[in-house]
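Two complexes, one shared chain (chain A), two partners (chain B, chain C).
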Partner chain A sequence: MTFKFNNVYINETATITGPYESNGPLGKYFDLCHKDLYFGEKNFEEAEIHLINEAINTLLKKSKMDITSVDAFIGGDLLNQIVASNYAMMKVNKSFIGIYSACSTATLGLILGGALIDGGFLNKVIAFTSSHNAAAEKQYRYPVEYGGPKPKTTTFTSTGGVAALLSKDAGNIKIESGTIGEVVSSGVKDVFNMGAVMAKAAADTIYKHLQDTGRDISYYDLVLTGDLGVYGMKIFREYMLSEYNIKLKNYNDTGVMLYDIENQPVYAGASGPACAPLVTYGYIFDKMRKGKYKKVLLAATGALMSPTMVNHKLSIPSTCHAVSLEVIS
Partner chain B sequence: MTFKFNNVYINETATITGPYESNGPLGKYFDLCHKDLYFGEKNFEEAEIHLINEAINTLLKKSKMDITSVDAFIGGDLLNQIVASNYAMMKVNKSFIGIYSACSTATLGLILGGALIDGGFLNKVIAFTSSHNAAAEKQYRYPVEYGGPKPKTTTFTSTGGVAALLSKDAGNIKIESGTIGEVVSSGVKDVFNMGAVMAKAAADTIYKHLQDTGRDISYYDLVLTGDLGVYGMKIFREYMLSEYNIKLKNYNDTGVMLYDIENQPVYAGASGPACAPLVTYGYIFDKMRKGKYKKVLLAATGALMSPTMVNHKLSIPSTCHAVSLEVIS
Partner chain C sequence: MKQSYQEIVKKNSPKESVIGNAAIAFITGGLMGVLGQFLIDMYASLLEIPTKEATVCMLVTLIFLSCLFTSLGFFDKWVNFCKCGLIIPITGFAHATMSAALEFRKEGLVTGIGMNMLKLSGAVIIFGVVSSFVFSLIRMVVGLI
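So, the complex of A and B:
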């Protein structure tokens, strides 16, 4: 299902990261880089809450705006009960729409926010998301202190808080349309191979987006998936060609872009809800404003993984939501 | 933030329950009542997935509709990573918007679905939710087999799968407006007193709804909270009077209505995302169609409780989303 928007813009963004992201190749594009994973808080969950509130405060500051002008917030994260988002919202006193879509949270938030603005229900919306490497590892796999070895297909959950101000006032980046994905059965049960889990969902949503809009893939200067990682990218490329006869040219994956994969201990690349928007709002938007890209399709992918269901030996579902982004000249 | 809708209707609903709900006073109002908690599945999580898919299939059958006519699904549940919803959606192959708002999921789904229909983005939407007593107990407290004693303020997670078909075609119940709540700090840390956690959120959202719509509480024939339970209701009544000078007359709580509290082992009453919509779609809609109520304000409350954050000794946040429902004569 693709929504076409008349007037929805990302007026401003904020990107806050931890040390791995700031030491990566895109470090200089982020608004704020922290040196450790605690951010002055007592535990990793409260550190992630901190990231969201800091992203919102940075966004308001950059927008020269008071929080009273914001109508509502839309957001979610990877933690059980999306607690990072809920506790961050406790400090905000604004209507909150909590969503769960794992690493595709950012694009789902942009699409929902866009629809509520274009439908005339809201004027100014902040869409946010976050992830925290240690909080996610602790919940989904092993506490990092265990130091268990991992296969090379593993992805590394990024640490970041990301927020975007959406409104109908023209400026910066236009959200031209958005495609809400289906939940896809990957057939994969390996929690250390999320790229393989999500590749099919990315391909299906991008194909549906092209069908719904009547476009060829060449319409976009850049197609971005996120966060498939090195191995997932390969599966995705092959699947697009074999299943849909689409050959990808101007294509990249935010999971591969966020870190220096050769020299950082990140296995197959970055993951986590923060990954796709960190790369897009930080790096890609800068390149769009400088004229390198005009039309970008961002297809954020989510592995809807649950340790409980993995223990039940069920395959891991996945999804992908895509947004068409255009720079306003 | 209150959304006013021009043309959004709940054309049909489906309600599936477990044994406790069918043995309660409203048993005869539900579409399908199961005799055990497994529903033929191997574990409680898969039983909850079953509940959702059965609710959707029952809804389509009652609506004499094929799934191909549905544009999108909106839903969520209590389990980590909303797995009941995500796995149920794997069998559906339709765009899915996953939301998390604990026991206030149903009304958030109605409001979002309503906005997407009224904004012209979707024609037919199915909004669903579920909860499963044993799956929730296992995740949030103790596995039921432990048989640990509980204080009387405890609420009992209902078992149910609930779905509603929304469209702009006039018929059955109209969603006249909806108010999206804020995340409220309750100051309460007691996981066995969810009524106390949620009472303030219910009061705040209802007050905002009345302010936004310029209405007096007497505008509604019935105000329904859900699921505060016996003790939460009392706190809510007192808070409405002391904080907002609003005296409740035609008021009830879905948590108190679902079970026979005197004779069933349910402590202070029902909870879980299924509770408010089971009571509303099953019992209240029947009374609305028969002329007993014309205008009902359903304020579903959610305790955004996380065992991790409770262990961190943080208070439990809560929220409430309210919808104004009118019968079409």
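So, the complex of A and C:
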């Protein structure tokens, strides 16, 4: 299902990160970088709530806007019952649509926000998302201080809070269209190989997007997948060619871009809902405004993983939502 | 020819260096053994106690050091490097228990530490007890014959 938007713009963005992201190659593109994973809070869950509130406050400050002029918030995170988002929203007192789509939450938020604005229901929407490495590790994997070895395909959950202001008011980044993906079963059951879980969903959604819009892959100056990591990227490239006969030229993965994979302890790269929007809002938008890219397809992928279902020996479902972003000169 | 998704995944999954990991575990695990033996001999001669009691002192020392180093935040890097060299000895059990205790400390003494401390290492205790029972049973039966 692809929506084409007439007038939806990303007017402003805010990106808040933790120490690993700021030490990575894109560190200088983020608005605020913290050195400590607690962000002055008592525990990692509250730290993630802090990230969201700080991202929203930074966004309002950057766009010189008061919170009263925002109609609604759309957002989600990785924690059970999307608690970080719900608790962050308790401090805001505004209409809130909570969404869960794992690491593809950001693009789903952009599409839903875009549809509500383009349909004339809302004027200004803030779409946000967050992830926190230690809070996610605790919930999905092992205690943070546990050092058991992990396979090379493991991805490292990024720490970040990201928010974007969407409205009809013309800005320089336009959301041109968006494709909502299906939930895909890749048959992969390995929790340490999320790239393989999600690559199929990315390929399926991008193929559908191209079919719905009648475009060739060369229409885009850059195709970005969410967070497939080093090995997921290879699987994605090969599957696109083998299944859909699409050869990718200008292609990259935000999971590979966020960290210095050689020198940081991140295994196959970054993951987490914050990964794709951190790279896109921080780095890619900067390059788009400077004219390096005009049309970008961002396909954020999410592994909808639950440790309980993995213990039931079921394959991990995944999804991918894609947005077409254009720079208006 | 079209390949199935599973084939593509299999082809693009990196191989873990089993021999390299085993070699590291062999060397570091061996060094742990040397350290353990040194501690036993040291306690036996310093405190003038039998080897059986000195062994208990050695175990307590290793458990204490693993927990201390885990709390200080660098033992996970050692375990990650040494792999089974530090996981199989008692150091691995202590590390797993301590890291879970640290993780859940903020959720309260009973609901946090009490209920979650053995999250990773509980399986070791259960299957340790079960296997000792089975082996004692076999030994008893063999002894009767």
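FYI, the second predicted complex is superposed on the first by the 329 of 329 C-alpha atoms of A that agree within 3 Å, B and C clash if a C-alpha of one lies under 4 Å from a C-alpha of the other, contacts with A are read in each partner's own complex, and residues count from 1 in each chain.
The definition used in the following text is that contacts are C-beta pairs under 8 Å (C-beta built on N, C-alpha and C of every residue); 3 or more make two chains touch, one makes a residue touch a chain.
The shown structure was predicted, so the numbers you read here are calculated from the model rather than taken from an experiment.
When the two structures are aligned on the shared chain, A:309 is found in touch with chain B, with no touch to chain C. Residue contacts after overlaying the shared chain place A:200 against chain C, while chain B stays out of touching range. Of the two partner chains placed around the shared chain by superposition, chain B and chain C are both touched by A:43. Using the contact criterion defined above for the overlaid structures, shared-chain residue A:89 touches chain B, although it does not reach chain C. Looking at the shared chain after the overlay, A:153 reaches chain C, while chain B stays out of its contact range.
In the superposition on chain A, contact of A:187 is made with chain C only, not with chain B. Of the two partner chains placed by the overlay, neither chain B nor chain C lies in contact with A:244. Once the two structures are overlaid, the count of chain A residues touched is higher for B than for its counterpart among chain B and chain C. By the touch criterion defined above, A:79 reaches chain B but does not reach chain C. Of the two partner chains placed around the shared chain by superposition, chain C is the only one that A:144 touches, whereas chain B remains out of contact.
Touching of chain A by both chain B and chain C, each in its own complex, is seen for residues 42-43.
Listed in rising order, the residues of chain C touching chain A in the complex are 2-3, 5-6, 8-9, 11-14, 16, 21, 70-71, 73, 75-80, 83, 87, 95-96, 98-100, 102-104, 106, 119-120.
On the chain A side of its complex with chain C, the touching residues are 42-43, 138, 142-149, 151-153, 186-188, 193, 196, 199-200, 231, 234-235, 238-239, 242-243.
Chain B makes touch with chain A in their complex at residues 1, 3, 42-43, 45-46, 71-72, 76, 79-83, 86-87, 89-90, 92-102, 108, 112, 115-116, 118-122, 139, 179-185, 304-309, 312, 314, 317, 319.
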